[in-house]
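Labels A, B, C and D are assigned to the chains in the order they are written; within every chain, residues are numbered from 1.
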Amino acid sequence: MFEIRTDLAVEEKETCTGENKGLKGVSLREWRKASSAIKMTEVVVQDREGARAMGKPEGTYLTMEARDLGWQDEDYHREVSEELAVQLRRMVEKLKVDRAVPAAGPLYVLVVGLGNPSVTPDALGPQVLGNLKVNRSLTPLNKREEPEAVISGIVPGVMAQTGMETAEILRGIIHETEPDLIIAIDALAARSIRRLGTTIQLTDTGIQPGSGVGNHRHSLTADSLGVPVLAVGVPTVVGAAAIVHDTISTMIRTLASHMETRGMGDFLEQLPPDDQYQLICQLLEPEFGSLYVTPPDIDQTVKRLSYTISEGIHLAFYENPQDDRDFLIP
Amino acid sequence: MFEIRTDLAVEEKETCTGENKGLKGVSLREWRKASSAIKMTEVVVQDREGARAMGKPEGTYLTMEARDLGWQDEDYHREVSEELAVQLRRMVEKLKVDRAVPAAGPLYVLVVGLGNPSVTPDALGPQVLGNLKVNRSLTPLNKREEPEAVISGIVPGVMAQTGMETAEILRGIIHETEPDLIIAIDALAARSIRRLGTTIQLTDTGIQPGSGVGNHRHSLTADSLGVPVLAVGVPTVVGAAAIVHDTISTMIRTLASHMETRGMGDFLEQLPPDDQYQLICQLLEPEFGSLYVTPPDIDQTVKRLSYTISEGIHLAFYENPQDDRDFLIP
Amino acid sequence: MFEIRTDLAVEEKETCTGENKGLKGVSLREWRKASSAIKMTEVVVQDREGARAMGKPEGTYLTMEARDLGWQDEDYHREVSEELAVQLRRMVEKLKVDRAVPAAGPLYVLVVGLGNPSVTPDALGPQVLGNLKVNRSLTPLNKREEPEAVISGIVPGVMAQTGMETAEILRGIIHETEPDLIIAIDALAARSIRRLGTTIQLTDTGIQPGSGVGNHRHSLTADSLGVPVLAVGVPTVVGAAAIVHDTISTMIRTLASHMETRGMGDFLEQLPPDDQYQLICQLLEPEFGSLYVTPPDIDQTVKRLSYTISEGIHLAFYENPQDDRDFLIP
Amino acid sequence: MFEIRTDLAVEEKETCTGENKGLKGVSLREWRKASSAIKMTEVVVQDREGARAMGKPEGTYLTMEARDLGWQDEDYHREVSEELAVQLRRMVEKLKVDRAVPAAGPLYVLVVGLGNPSVTPDALGPQVLGNLKVNRSLTPLNKREEPEAVISGIVPGVMAQTGMETAEILRGIIHETEPDLIIAIDALAARSIRRLGTTIQLTDTGIQPGSGVGNHRHSLTADSLGVPVLAVGVPTVVGAAAIVHDTISTMIRTLASHMETRGMGDFLEQLPPDDQYQLICQLLEPEFGSLYVTPPDIDQTVKRLSYTISEGIHLAFYENPQDDRDFLIP
């Protein structure tokens, strides 16, 4: 019942193991491009064991972070768009190798802007779609001029507004228009407020129920939709429950670090997990489940990142970004 | 090629015949409710002959007009919502009798908000959906508490943004969610600027290609979608070509009514239709086809009417409006 | 430095004294209208001592609450609009008696929609202004047809977008257009998540710095603007710091109520206030100051309440609501 | 009474004289930058005689056109932004030489986004302000780090929403914040539909009453505001009256060019101007005055151009664009 959720695999990994320890069935790789401020992290959930430990399905979770720089610099956004394009193409190439999408001919891509356009931190997906250039209606009959990718896009809305599950709407559109691949854009929930607006996650596992800002999804995956789903997300909120949880953890540590209260801190730290869980549940008000925490300048963040992501998709599918740069693997 | 289009059957009827004359295969009925400012007009296209003459498919076109009062009065809007509800229910009852929708059990209705939310006069459909209360996701499992209608809603967007035809998107969603009935809301193009924002048209024929503000539709009818389609529309624009056509007609009449120029007017009036057509085509710049004319306060009109229509749908399906008032048939 | 702020006087009162005890210089009155679900609370800060205790300036703070009913019912919203109109008129009458506004002739009112239109929970003010009917540009030259009130309106924006303080913009507009009275509409921060969207506060003290969602204000009061300021606000967010504070308080109480941990809870409860303050400060991350907590359906709440408030203003100034109903004073 | 208005001086010039002939008191200069698709036209209204002939006040009207290329290319938009920046700086330099603004120290600039944000073709000004980076609230106290320009911004709204004239609002804000210079951004009305979205006009004369999409202005000039006003505008609509006028003119020419009707055409062409005027007035319906014509993809045009213009302002005032490129004067 009680869940401190995060949509970021990189945070889930930290929660499960601490930052440096290994986890069976989960690989972690970090690198930074030469002369770049972007920190890349790849978490691969390799098997069932890893999936169980992480609470996330098998697949690749790639994180692009830029904590230091901030997101004000326009050249920097360009750099992020280019990197996103490179990584999107890599994932598509892998899908071709795996025969999950056709290896030859134009690739039919349906881009989906998840979330509620009228709730600012949930509007990332709809805003990306507002910037997206689609070309499916322009497809030439002439085979020669065939584009590399044929892109369509949809903003399905949220269940409170449509009365339908997003998966239903998408299954219908997929049935009718037969895309090879879905790219789903979504606002994510993070555990840490420092991630808000500074991280992009790209994954080949699609989108799982229960995560994100609203409750607008019901498993958008290759299994549920019949088509591979790449998901691009940016954390824009932290669940209120996460804030409460962090406060309690910090309180316990604080108590343990002071002479007079050390005994209490130690006592609480050494409570069996079940008792800790009990305690936290008592402190969490039921309303907290749906509440979220977000910064006041979230409108600017979402607007800026929506351009970064739409530009990344344009670069990946309409141009041919060169991926000849070396990576430094630390 | 050259077409002065109108989405209003009542205007098409006038164009074909003048206001008072009959047209084979087309019936016309007008009435006004006692102590009401709403003028009702029903045009029924009865057979193929009528359809050919009107350029509109067979079916019923109901117009609610309120030229005199204007649309500022809030009680008046309530009255229009109620009348819209009554007429929607009548059309639904007729569909039940015709076995086009199930006669018993809850009626599954998908409301579709056509048009481009970011172009003001085209935003009527999306704005109605913004006000609409859907209940499909709330449907109780318990048969006893079954509502009379189960409503879902979608804003499919326009082809320039989605790369998909609206009909494709809807066919997909219909395939997946199996509604009994579609109600499509759309901004319409009128012939006369006096109609802008003062008329609601309700029809059981769905929506035909080539009409409306943008080019966002490709026949949304029972034939193309497999489900009956009721369409609710309000004219918010007049095509620029219509303005040009009217100017030329007025000019010819003006010339004919003045001593010095009577000869010219007569000459032009007596030109064979083909030559008149030639002349008009020469005067129409090709760019005019897609341009439209709209008043500067269109944002207020669309906002207000979007409430009138969503309220009409709520009254029709969530409440049970009494239709016991008498009509005066003139 | 550390402040758990609330914009609601009724919450400040509870914090200072608990719900039932008195506070010097502060009067409290509660009532409920016959056959009404609206609970009214009036907090009057009577003198300097009260102002110091409350951290709020002298004046009247009227709260309209509707926790039980919720805000879904449309008739209920009408009732709230009517009550708001009655109370607005009372405050205006008091200003006339006090000679703060002219007693005769039309009253010139400038309605100000504070907040950032692109951040959903901060958009209440701008949305009220989007619904507001202004008549200043329509004022007849003929004295006979003079309206009771001449209303103008402005959405000044937020400092991050304008580079100007709201007070600067308003002082300028007041200097030029010389209104008798300002009515400022704003989204508020509450202490308790149960207040979100269920309470309206009306005050004659204007708006103080440091409160609200963003940082968009710098004292909008009769002192700073030279014109009386009535403020209408609805809490739409809770500061993240308040959530943390509540968690810690609950944790201390929880510890104190369990056998094994009673000693710790007692110990913490009995810490001197300064030490408690120290502890809380250590637990509060600096980023929390600007973060806020808000529910995911905040867009619907803000949209609905913006109509309730604009309608209240219309009723107060364009119609003449009868205030002949009795109040039950418990 | 009857006026076919255009806000573009370059069109007014054509109307007055035809494209190639001179007009007393009005100078015309055209050039194109080497390897650029931007056509520059400068119309200078030099004296009263020119002003009377043009119906526009004395000053410089600079037009940047790009008919051939269209506005789809992103590099092209960058080029336009840079050229706009260069020309803005020139006009500011001229104002410094003329001592209309201070020659030394930071320049205080208030950018004004005119128009109605909820009517798409009128939303250019508000959308530019949505992209604009202001720095007035960030101004350092330290003289050393003084920026070259201190920018603030305001979206004053339209009279139908505020009940105040834009000039009133601006005079107030100017009185309070004392900027050295106003830059007003506005959607314009053109005579020719080919100008829509393809032309930017920059002028040092401010904005005159009676022009533009809505009726939202009442002379925003150095005279009325007490501060120099640079205006940046893009035509997004053509008045319906202009369409009618063009149709009649074309009709007359068409009649004159055909054997059978040549007599009529000649007759009409040779009518005294007053009679021609009479004829046109009879053909213009009174409602046409406020109606406008606009293309269906106006939302994309306005969105794109709002970035081009905000970027031009950023380049002009926050960076230091080099103006060392040669101009070819044809």
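Note that in this section a residue touches a chain if its C-beta (ideal position, glycine included) is under 8 Å from a C-beta of that chain, and two chains touch if they have at least 3 such contacts.
For clarity, every value in this text was computed on a predicted model and none was experimentally measured.
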Shortest chain-hopping distance from chain A out to chain D: 2
Common touching chains of chain D and chain B: none
Repeated interface matching B-D, over half of the contact pairs identical, chosen among C-D, A-C or A-B: A-C
Between chain A and chain B, centroid-to-centroid distance (C-alpha), Å: 42
Centroid distance [mean C-alpha coordinates] between chain C and chain A, Å: 37
Junction residues of chain B, two or more chains touched: 118, 160
Touch-based graph of the chains, sorted into line, ring, star, complete or other: ring
Contacting chain pairs - touch in the sense defined above: A-B, A-C, B-D, C-D
Contacting residues of chain A [partner chain C, same complex]: 116, 118-120, 122, 160, 193-194, 213-215, 240, 243-244, 247-248, 250-251, 254-255, 260-261, 263-264, 267-268, 279, 282-283, 285, 287-288, 290-300, 303
Of chain D, residues touching chain C in the complex: 118, 129-130, 132, 134-138, 150-157, 159-165, 168-169, 171-177
